Every structure is written in C-alpha cells, then in structure tokens.
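Worksheet: one structure, shown below.
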Amino acid sequence: MNFEYSDKVKDLQARVQAFMDEHVYPAEELFAEQVSQGDRWQPTEIVESLKAKAKEEGLWNLFLPESDRGAGLTNLEYAPLCEIMGRVHFAPEVFNCAAPDTGNMEVLERYASEELKERWLTRLLDGEIRSAFAMTEPAVASSDATNIESDIIRDGDEYVINGRKWWTSGAMDPRCEVLIFMGKTDKSAPIHKQQSMIVVPMNTPGIKIERYLPVFGYDHAPHGHAEVSFTNVRVPADHMLLGEGRGFEIAQGRLGPGRIHHCMRLIGVAERALEKMCLRTKSRVAFGKPVAEQTVTLERIAESRAMIEQARLLTLKAAYMMDTVGNKQARAEIAMIKVVAPNMACKVIDWAIQAHGGGGVTSDFGLAAAYAGARTLRLADGPDEVHRNQIGRLELKKYD
Amino acid sequence: MNFEYSDKVKDLQARVQAFMDEHVYPAEELFAEQVSQGDRWQPTEIVESLKAKAKEEGLWNLFLPESDRGAGLTNLEYAPLCEIMGRVHFAPEVFNCAAPDTGNMEVLERYASEELKERWLTRLLDGEIRSAFAMTEPAVASSDATNIESDIIRDGDEYVINGRKWWTSGAMDPRCEVLIFMGKTDKSAPIHKQQSMIVVPMNTPGIKIERYLPVFGYDHAPHGHAEVSFTNVRVPADHMLLGEGRGFEIAQGRLGPGRIHHCMRLIGVAERALEKMCLRTKSRVAFGKPVAEQTVTLERIAESRAMIEQARLLTLKAAYMMDTVGNKQARAEIAMIKVVAPNMACKVIDWAIQAHGGGGVTSDFGLAAAYAGARTLRLADGPDEVHRNQIGRLELKKYD
Amino acid sequence: MNFEYSDKVKDLQARVQAFMDEHVYPAEELFAEQVSQGDRWQPTEIVESLKAKAKEEGLWNLFLPESDRGAGLTNLEYAPLCEIMGRVHFAPEVFNCAAPDTGNMEVLERYASEELKERWLTRLLDGEIRSAFAMTEPAVASSDATNIESDIIRDGDEYVINGRKWWTSGAMDPRCEVLIFMGKTDKSAPIHKQQSMIVVPMNTPGIKIERYLPVFGYDHAPHGHAEVSFTNVRVPADHMLLGEGRGFEIAQGRLGPGRIHHCMRLIGVAERALEKMCLRTKSRVAFGKPVAEQTVTLERIAESRAMIEQARLLTLKAAYMMDTVGNKQARAEIAMIKVVAPNMACKVIDWAIQAHGGGGVTSDFGLAAAYAGARTLRLADGPDEVHRNQIGRLELKKYD
Amino acid sequence: MNFEYSDKVKDLQARVQAFMDEHVYPAEELFAEQVSQGDRWQPTEIVESLKAKAKEEGLWNLFLPESDRGAGLTNLEYAPLCEIMGRVHFAPEVFNCAAPDTGNMEVLERYASEELKERWLTRLLDGEIRSAFAMTEPAVASSDATNIESDIIRDGDEYVINGRKWWTSGAMDPRCEVLIFMGKTDKSAPIHKQQSMIVVPMNTPGIKIERYLPVFGYDHAPHGHAEVSFTNVRVPADHMLLGEGRGFEIAQGRLGPGRIHHCMRLIGVAERALEKMCLRTKSRVAFGKPVAEQTVTLERIAESRAMIEQARLLTLKAAYMMDTVGNKQARAEIAMIKVVAPNMACKVIDWAIQAHGGGGVTSDFGLAAAYAGARTLRLADGPDEVHRNQIGRLELKKYD
C-alpha cells in the first residue's frame, strides 16, 4: 500500500483548500440565509455562483475514476479532496461532487447506452441538472435489498413502473431531471436476478412527490429527502440499464464508490467537530481553569484524534484496494469503513456537542446538524448490522 | 426503602393511564397538525381542551410535595405518574405538570412572599398562565454557575436587571407571564453569595426575545427555547426571593425536583422507544426471518430492559431519599440519576432508531425527536461532567 | 416493593460486619500463607477455625429460605449479608454460605428423599463436608443445556453414569464427599425431558479427577475447579432426584438462588474495588496533584458508584420477586442481574486496576484476582448471551 | 506514506512465517512442559535450541534500525515481522527480538561508550546474555516519571545507587547479566534534568531480588517480573549513559521503539484470538445452529476485524513516521498506538474468551493469558491516561 500523494494530488489539495478558505467557509451564513428566505426548495444563488467559480478553476468532477469525463483521479487520489469538501455540507455540490449525483454519474458512465449518456450524463457532469436514486421502500426492510418489491413490468416498447420509494434524496430540487429506479422485473427469477435498474425522467407522468422527510427536524432544503410514489409510470424500454435482472450487479458497482465518498466526507466532518471542540474548550473556563485542561477533556480529544486517524487510514486502504484489486475484492474493506466512519463521526461530534453545552444542540455551531447527518449515514446504503454481518461472513470464510 | 405503591397511588396510576389511552395518545397527530397550521408559537386548542378535562378529573398539579396546593403526593408517589406522562411530550402540560412551571411553582411555594404567591402561583397552579426560568448565559460556561454574570443591581425600591440569557424555555409562549431570573447582586461577596433570584413579570420594559433556539432541527413550538436580553429591566425590590445572595440556596432547592421529574419522564420515553423497537422488529423480515429473532436484536432489547429497570429503581431511590432525608442528603442520588437517565434514554432510543432504518431518523415514529430531547437533557441543568464530578467528590469524602 | 430491612436483618448485618472486621479481614494474609505452604489442595486451618467461631455466633447457613434448617431469611433479607461476605473470597465458606454448597443444599432440601437428606444435607449444613455440581461438559456448548450428553442409564437397581464434566468446582477438596450430576436418562424423550439429576458419592469407583482448571492463572486452591471423568460409575437408583427427565426442572430451581448469590457477592467485590480506587487515588500524586482530583478519575468513581447502586437495586428487586412471586415469575429479573452484576463488577475492577498502575495487575491489592473471578461469572451458569436472549424473548412476548 | 513491502521484507515475512509454522507453534506445549518441570526460573532447552536455529537461518536481531549490528530494517519493515512473532509469547526471544532486551540494546547502541558496547551489547546481540530495565518504583506514581526518586550519587570514581524498583522484567533469569537503572543524580536540578540512566552489572553487591510479581495469576516464568532493592550498589562512573541529568532524553529515545514493538506484537496476539474465535464458533452448535451464524457473533467478528485493521494501519503510520521524521515528531502517533493497540487487543480477546465459554478463562486456549498480557500493556511504559493527556495536549497546541 502506498498512500503517498503525487504532486498532482498535492496541488489539487492546496487548491481545493484555498477555494474553501476563500469562498466556501465565508459563504456558510449566506447559504443559510438564502435557504430561509422565500421558498426553501429552490437552489441558492450562492451555490450556483460558487459552482461557476469552481468549474472555472478546474476543481470540477474530481470524483470520477477510470473515465475521460472526470479529472482522472483514482479513488485514493480523490480521498483527501473529498475529505476537505466534507467539512461544509454544501461544498461537494460546489465542486460537482455531491451525492447522489456522483453515484448516478458513475452508473451512467459504466452501464448506460451512449444515447442515455448524451441525454443525461453530459448535463450532470456540466452541473446543469441534478439527479436522484430510488431504491429504499417504506413498506419493507430494505436493508435486505431482495425485499424491494416495486414493479418494473415490460409492456411492448416500454416498462411500466409502480411502487413507492422513500429517502429519494434531491427529488424535490427543481433541477432534478432524472432518477435511477430499482425494482423487480421478474418475481419468478432466482432471488438475485429479480431486480433491475432503469433510468426515469422526472417529468414522466405518474411520478408524485408525496412528502419530504425531515432528518432529526432538519429538512435539508433545498436538497431534502422525498417519499415518491410511482403509478403506471411508463419509460421507453431502452432506458433499462445493462439488462433485466442485473440490478444487484449495478448496485454493487454503484454503492462501493458512494459509500467511500460518504466516509471521506465524514472524516472531514469529524475533523471539523474536533477543531471546534479544541477551540471551545480552550476558551471556556469552569471551576477555575479552562475546560481544555481538565483530564476528561484531554481524554476525549485524544480518543477523537486516534479514532479519526484510524478511520482515515482504513478509508485510504479501501480506496487503494478499489483502485488496485477492484470493488469486489475490496468489499470487506468498503463494508468496514461504512461501519467505522459514521460511528466514529457520531462519537466525535457527540463529544464536541457536550463540550459546547447548550450551544452544542442548537444551530450556532453546526454540531447538532452534523450529528444528524452522520447518524443517518449509519442507515443509508444499509444499516451497520448488514455490513457487519457481511464482514463477519467474509472473515469466517477464511476458515472454510 | 419501601417502593410499594399505596392504594391512592395505584388509583392515580390507573386513572392517568386511562386518560393517556383515551385522550392523549389519540391526540398526538392532531397536536402536530395544530402546531403546523398558522402561527407555530400559539398554544394549541387540543392541549387547552385536554387541560380542562384533566383538571375536571382531578389529575392536576400532581407534582407538588409538602404543600396544600398540590395533590399531596411525595416525590416517590409522583414518580410512576410522571413516567406515564413522559411518554408523550405534551402530556405533562395537560396535567399541569410541565417544566419549567413545576420547578417555578415549587420555588414560589417555598420562597415567595404571600403577595407574589397570590399574584403568580395561584394562576400557575390553575394553568392559566405559564412561566420561564432565566439562568444559563451564552457568554460563559454556565455549567459552573458561579460564572453567571448578569446584574441585578439595587436602585432605591427597585432592582435593575441587565444581562443576556439563553435556553429560557417557554418564554415565547404568549401565556408566559412571569419568569424567575438569576444574576449577581454583589460581585464582591463570597463566591457562593453573589447570586440572587428575582421574580420578573414578562411585560416589564427592557425584556426582548432575541431569537428562538432550535434543538437539533426542532423548534419545539409552541413552547420553544429563547435567547432573551434584559436591558435596564426594573422590578420592585420585593420581587427578590428569599433575600440577596441566596440564589444558590434556591437553585439547590429548585433543581432537585426539576431533575428528578426530567428523569422520571425520560424513563417513560425510553419505555416507549423500547416498545416501538419490539413492535417494529417483530413485524419486519430481513434475510429470511423477523429482525426480532436475530441475536443482535435480542441483545439490544435485553440491554434496554435491564438499563431501564436500573434507572427506574435508582430514580425511585432518589425520590425516596428526597422525601425522607431531604434534597441535600439526596444530592449524590439526584446527581446520579441526572447522569444515568438521559444517557440510558439516548442509548435505548438510538437502538430503536437503528431498528427502524430510515424511519428512525425521520418524523414517522417520533424517535429522532425523542433522541434530540434526551440528548439535550444531558446538558440541561448542568452537563453530565459536572454531576459526575460532584458524585466523585462525595464518594471520595467518605475517606477523608 | 419494600426494600426496608427489618430489625432482625439490621442486627445480622451489624454482626456479620463486625465478624468480618474482627476476624476475616485480618486473616486475609494468613489464608494466603496457609495455602501456599505445603499441599495447596488441603483445607486451611484458618477457615476451619473461623467456621467454628461463626457457627458459635449463630452466623451460619444464612442463605436457606423457606426451610427450618436455615436461618429463616428470605432472599431479600439474605442479600445485604451475602454482599458483605462477598468482599473476601473465602468469607462465604466461613459462614457456610459458599457455592456450590448453597445451591446443592437447596436442591437436596427441595428435591431429595429423607434418606438422602439425612446422609448428605445434615452434614453439609453442619459444615462437616463439602459438595460439587457436575453439569458443564468440555465437548459441547453447554450454554445450551440441551447439548449436555453424559449418560445416566438405568441398570436394575442402579444407574450407570458415563461422561466427562469440567468446571466441577471444589471436587478436589478432600472434604468433598458428594456431587450432584446432570446427564441424559433418555435420549429419545422430548428435548426438555431427557436430562436428569442424580446424587453421586465421591468415593464411588469410576470417578477420576483428570486435572484442575486454572482461571487466569489462579488455581483457586484449596477449592479449585476440576475436570472429572465418570466411567461406569454405579449409583443406587434411589439417588435419582425428583425422577427421571426432571433435570431441567431442578436446574431452574437450583440456578435462580445460585445466580442471585453470585450477584450479591459481586456487589461486595465491586464496593471493595471502588474503596481501593478511592484510597489509592487520594494517596498518589501525579503531574502536580492527587490522581483523585483529576476529572477523569472523578468520572470513573462517579460511574462506578452509579453502576453499583443500580446493580444492587436490581438484585434486591430480583430477590424480592423470588420471595413474593417465585423464581419462575422472577426469571427475567434473575437473568438481568446475571448479566448486569458481573459486567458491572468487571468494569469497576478494571478502573480500579488502572488506578493502581502496575500494582493493579499483580497480587498486592487483590484486584487482578477479583477481575478474574468476576470475568468468569460472565460465563458460569451460562454466558451473558444466553441470558440476554432469554430477556429479549420475554420482552418480545409482551407483544404477542 | 508508503506501506508497500519491499522484496526483502516479503522474503523475511515468508521465512519468519515458515519458521513459526515449522518450529514455534509445534513447540508451544513443550515450552509449557519444560517450564513446569523442576525450577520454573531456569531458561528452557526448547527456546535455546530454537534460538540457535533462527540465528543460523539469519532470522536474528531483526529489530535494530539505523545500525550495522542489526538486520538493517526500518521500523516499518520490522513491523510485519514483529507482528508474526507476537502470535506466540516466547517467539520474540527465539529471534532475539524480545523485550526488554531490544530496548536496552537500542539504548546501548545509541548512547553507550565503545567499552560498554563491547562488554554488553555484543553479547546481548549474540543472545548469550539477557538484560533488564529498572525504572518504575513501587513507592510513587511512576506514571509521572519525575516522581522516580532512587538515588544515583557520585562518590569519587563511582556512583552509589540506592532505591527500590519493581516490574524489572527478566531480572530473575540467570542469564540476565546487566540492567539499565534510572534514578536521580541531582535533586536540585530543574525537574527534567534530575534523572540519569546508568549501566549496572547484575552481580554488583547490594542488588537483591525481593520477590517476583505475578500478573493476574501468571508468573511468566522463566522470564518474570521482579521487585529489586538496591542498597549502596557501587558502579564505575564511566557506566553513566550520555551524562548526568540526561535520563529523560534517553527514556524518550528508548520508549518509542519499545512501545511500537509492543503494539506490533499485540496485533499478532489479536489476530490469533480472532482466528480462535472464528474456529470455535464455527465448530460449536447452540440453540440449533453454529454459534458463528448468530448475528451477535458476526457483529463481534466484524468489529474485531475492523479494529485490528485500524490499529495495524496506525501502527504502520507511527513506524513510518519514526523512520522518516524521527521519534520526536512521531510522538503523537506513538502515544496513540500505545493507547489503541492494548485496548483493541483486550476487547478482541475478551470477545474470544466469551466465545469459548469456560474454555476461555482457563489455560486450554491461551486466551486468558493473552488477556492478562494485553491488559498489563495498558499500564507498562505509562498508563493509557498519561498517553491520552499527551495526545490531547499536542492536539490543543495546534490552536495556540
């Protein structure tokens, strides 16, 4: 394993860092203001203007490996950049590196026809439109993806889609023009061949946003998470990705990078929480000395530092393996960081909250919001338990 | 220790339970609807109508021990009733047993002049008005209460108040007509004699609600938490409670019952989360069998049950000691439950969230909101660390 | 629940405490010396002489509820006495309240014929002989007791026993004259009717002590734990307890009290570890002030106190339920304390070890030995996981 | 960071692994037998014969970086080899890579005169003799090394040593011919200049082994840990290392490598415990299916794998930094692994113990002994708390 950064990466790191310092951190308040004024579900001017700037500076689409369309970075090379972006929740969009678009772009790049690429991928890569991903369903335990039961039924030259999805993030954004939908094309097929993925234009009749889903009281506007119903939604047959019954195959390909990006960003989130914990405890005095000098505070800062370091190294290892031996061989490592990073972040943020007193649970320091986000990532793309089961089974297999 | 319930208590338990079943649980949705329609910061009709009903049924002011004005219950007797109320966040108000009114009423009952009682206590006990408590300050580490630095300066027949408070819960409610304010009357006095508490009518000029403080993303409307500035607020000198310099003495008296009520309610919250975890895991199937039958689920249910039982018993012990040897002798036990109950509730709710998948972090099951509430109670009335330090010091004193 | 102690219990508490102070604590070193001189597997003079004294003072057989043969104490009344005894590992024997004799005496009292009682129970109650219990087997996962596979086969007027047991504590003691053996009388019976329990005199041919089992390097001499083989061991048919196929029924009856005694003693062990932690950290200075004044130390002392209090209350509740509604109705509570008490003790002792530095892991303070004992009790009578599964299933049943 | 192994290292890894498989694992029982026969405090034949073999195969002194006398490996290169050795407790000695000799050899190599090197270092490198390190004292909290209070007083051409040390590991081994002693040469000097280190031949009059210190119940014979008194021990003045008052400077240099070796070995210990946990749970059936298939088991195996991976990566990072920027710059990372590795190992071993039932706490699987060893390493070279304080302070310094 070689985690040494090349000069190219070091240069990008410096430039992303400088961009954050100059443009993104100073815009945090403005972003909040623009969201809270008028219709919360409209894109903000500030993000749009920062996107233009980032694109101009070539800090754009840094995420896409093994493709001419991206910046040509490996997962390992992208990791430190993604971590920096993770420090501000809207920063990834500024660099056109936000979920769920990145995962969707990767799916389109790998599995879509040239026509579909032209129609959707190009505009996504340009940051003109956004996209959504419709997999999880409220009616079943979607942690076991074989439970997913929406219909994608062939009818002549079309597929007819029926079902109800939730946690379809970004679907309410007016820029969201396309989504990728997972459902069953053949309920009589072998269990892992029943599911398929299909591209669905958002303006197709029969799609209805039922409601938005708050996360710990946050609406995450203007992005947000939607519950969406699909009633006799008709899509041309050539929108099917890769072929009927190959949904799981694509999911495996999609979820690997998606997961590792989440983890990289979470490391940035945790670093920022630790930074806040240090600054706060240095500046507040209780019982005669700075809170930072009390041994229980030192213990937590130390544990936070050690946990962050370890999570970062494991994430880099997973990225390195994805680059060198492929996502499938790296699946134990991907599963591990999917468990480790959100739990680590929750722990570090929780300590930071405690160090901020009442300030920790309200909006002044962004910590409660960060916690809500990290906590949700213990569930997104499968709860911890599913990943731990998988890791455990892979470990036991060594002794078959 | 005798934790046996008398017939009177068993009867009240049955009646409060029946009231909850008949009136409160069925009103949960309606409450949410009424809050979200129109001005969120207005009292809801549903709570007002339920208050009338509860008062009529004699389920009213159950909290106030050692006073003719309450129901004549001891802390131990009130505990099981308070736990039941804790299961629905607006239920305590229905029975006129909600924070911060209960603590304020107790302070007025114990330390206020007859005149002040007449003016404020009677109406609070009648549920006509509400009240607030202004102690914590944003500018200092209020976990060390000696840091509190607002001024209450004598000027002729009045006191002049200047300062900025936050986490003044309920101050935005239009029914809130009075608050109790803590600040320094004499900065040259010995450290524990500088602080005083004074009664302040909310309509006094110079009081300004600066903003409301969300908790995680919840506004907790119509109750809410306020940041309030006090600029040359003038109050008659006879509004001083107990005398200058006796703020800490009152705080000790006030915070004991306030803390134990929080803990009792938290046990109700945890019981409800466990109930939801059981119901959910029994009804969802993943990987071929109900989630409830997987050993990791059984482990968590078992740990939850054991933690709840222990926290309840310790809370009962603290209540019993408050009743028999007094709040001061019970201070180690009060501090212990103040640490144990919120942490226990956070853990149980967190497991329940995990068992609900995406449903756990959104609004459908109330779990994320419950978590936000329990998490905040690790900070309210002093963070865990302050209480643990106190418990530790009391333990070490045994070996002096 | 009434945890108030009667005058009788308060008197016994004072007398047991005084006996400990006067006779047992001062004998700790002597006990260690006598064990290490000569044959470690011989009873010590000191314990024999203290037994005579305790018997003389009427502090004898305090454990046996619902029987004329004991002191007439309920489980709840015995609890505080057992806790005090638990503070010194050899103290329970001094009062004739040591495992596994207590459990065996209870089984004989409840299920044995008058003849067997006369032959064994009387002498056990007199402290003349000791006994053992042979259940766990090295070849199978005995956590699932249905796995136990030794044979107890009827052959005319006798039963013929074959099998191999381990963790047969006390079997090497020359005073051990009898054991109770669990095995299968009928492998074709329904799964919970295959097992039986039979009384086996230790001098029966075919019994062989194969080896002693150290616990974390400790031999626990002169008591110790044995692996024992049984080869064609012939016992009169009337030594069968209660009847063929009723082994599980007896096990339930035996294990309840056995478990609760372990837990009571563990609370005493934890109290003593906390006492040592306080004394040590008060007396040692590091980095300019006593270790006791560092906040991380205060945190641990506080957590220890809160955990001990909770575990004690839950143990008292379990005892109270055993006394009032019976062992079967109390099975969730018994299972809970079986999980809670050893884990609590391990945690408290571990912190105490850490506070003693190198002194914590060696023999000077008894902490490492205490840890080894508490850790083992997470496995004895079934590992935590089995108990948690049972608690979880009982909880889920409430929603059937 | 480049963690890629060179061909040289891969070759050594394969050879050390093969040597372990062929010679060391098969000798585990024999070692135990030889220790238990006759005088436990004599070296075993088996280790002596394996040493000869390892030396012959060039698997010798692999630990010493930046020196012609060792194998020329960096810390990073040595790490994977040290991990393999760590899997069997006596294996490091077989390869002449055992503590405390490695640390002592490193001190002699860096700080001793040519004469002292000739007399002691050469023979240590040859594996002819062994050595000890005398730093910790029973009378003071040695976690704060400024507390160490033994005297090293200049008297003409000699130094006169008086004091009492404990945890002087290996001092009872008849091959132990030299030790390095830390004490105060000048109690009036600035606090960090009072301590010095001096070389002391074991046969100097006035040295007395007072007793051996068991660890939990293990004597760790024939190596063991001693309490040693020094009474007017006279040593030639030229045995002083580096100069009076430079003890802390040497300690910093010595403890870095010593700590990282402990951590590497602990990773090997944890890997072996996980291996045993997998094998055991696959082979034991409870409640109708292999213990390995129960989700709580899978959870623990997964957590173990993730914790081991992270600890290994952090250890490699620390080693890499020691090699590239030096021990001083790497002090946060060294402190982190000193905290992380023993705690990780304790956790993994504890789960493995639980999975083995009674077998886990006795001698059959080596797990209880492994636990005792790992637990002790939370204290050796400073307790966790000291290291966490240091990490915390280094983190806070970033914001000065």
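Read from first to last, the chains carry the letters A, B, C and D; within each, the first residue is number 1.
Assume contacts are C-beta pairs under 8 Å (C-beta built on N, C-alpha and C of every residue); 3 or more make two chains touch, one makes a residue touch a chain.
This is a predicted model, so every value here is computed, not measured.
K.L.:
Report back the single chain whose CA centre is most distant from the CA centre of chain B.
P.N.:
Following the centroid criterion, the farthest chain would be D.
K.L.:
Rounded to the nearest whole Å, what is the centre-to-centre distance of chain B and chain C, using the mean of the C-alpha atoms as each centre?
P.N.:
Here the centre of chain C sits 43 Å away from the centre of chain B.
K.L.:
Averaging over Cα atoms per chain, report the distance between chain A and chain B in Å.
P.N.:
It comes to 37 Å between the two C-alpha centres.
K.L.:
In angstrom, rounded to a whole number, how far apart do the mean CA points of chain B and chain D lie?
P.N.:
Those two chain centres are 53 Å apart.
K.L.:
Pull out every residue in chain B that's touching 2 or more other chains.
P.N.:
294-299, 385, 389
K.L.:
Quick one: label the inter-chain contact graph as line, ring, star, complete or other.
P.N.:
Basically all the chains touch each other, so complete.
K.L.:
Could you please specify the touching residues of chain B with respect to chain D in the complex?
P.N.:
294-299
K.L.:
Can you tell me which positions in chain A touch chain B when the two form their complex?
P.N.:
Going through chain A, the ones touching chain B are 136, 138, 140-144, 147, 166-167, 213-219, 225, 284-287, 291, 294, 296, 353-354, 357-363, 368-369, 371-372, 375-376, 378-380, 383-386, 389.
K.L.:
Help me check something: in the complex, which residues belonging to chain B touch chain C?
P.N.:
Interface residues on chain B, with respect to chain C: 1-4, 274-275, 278-279, 281-282, 292, 295, 297-303, 305-306, 309-311, 313-314, 317, 332-333, 335-336, 339-340, 385, 387-393, 395-396, 398-399.
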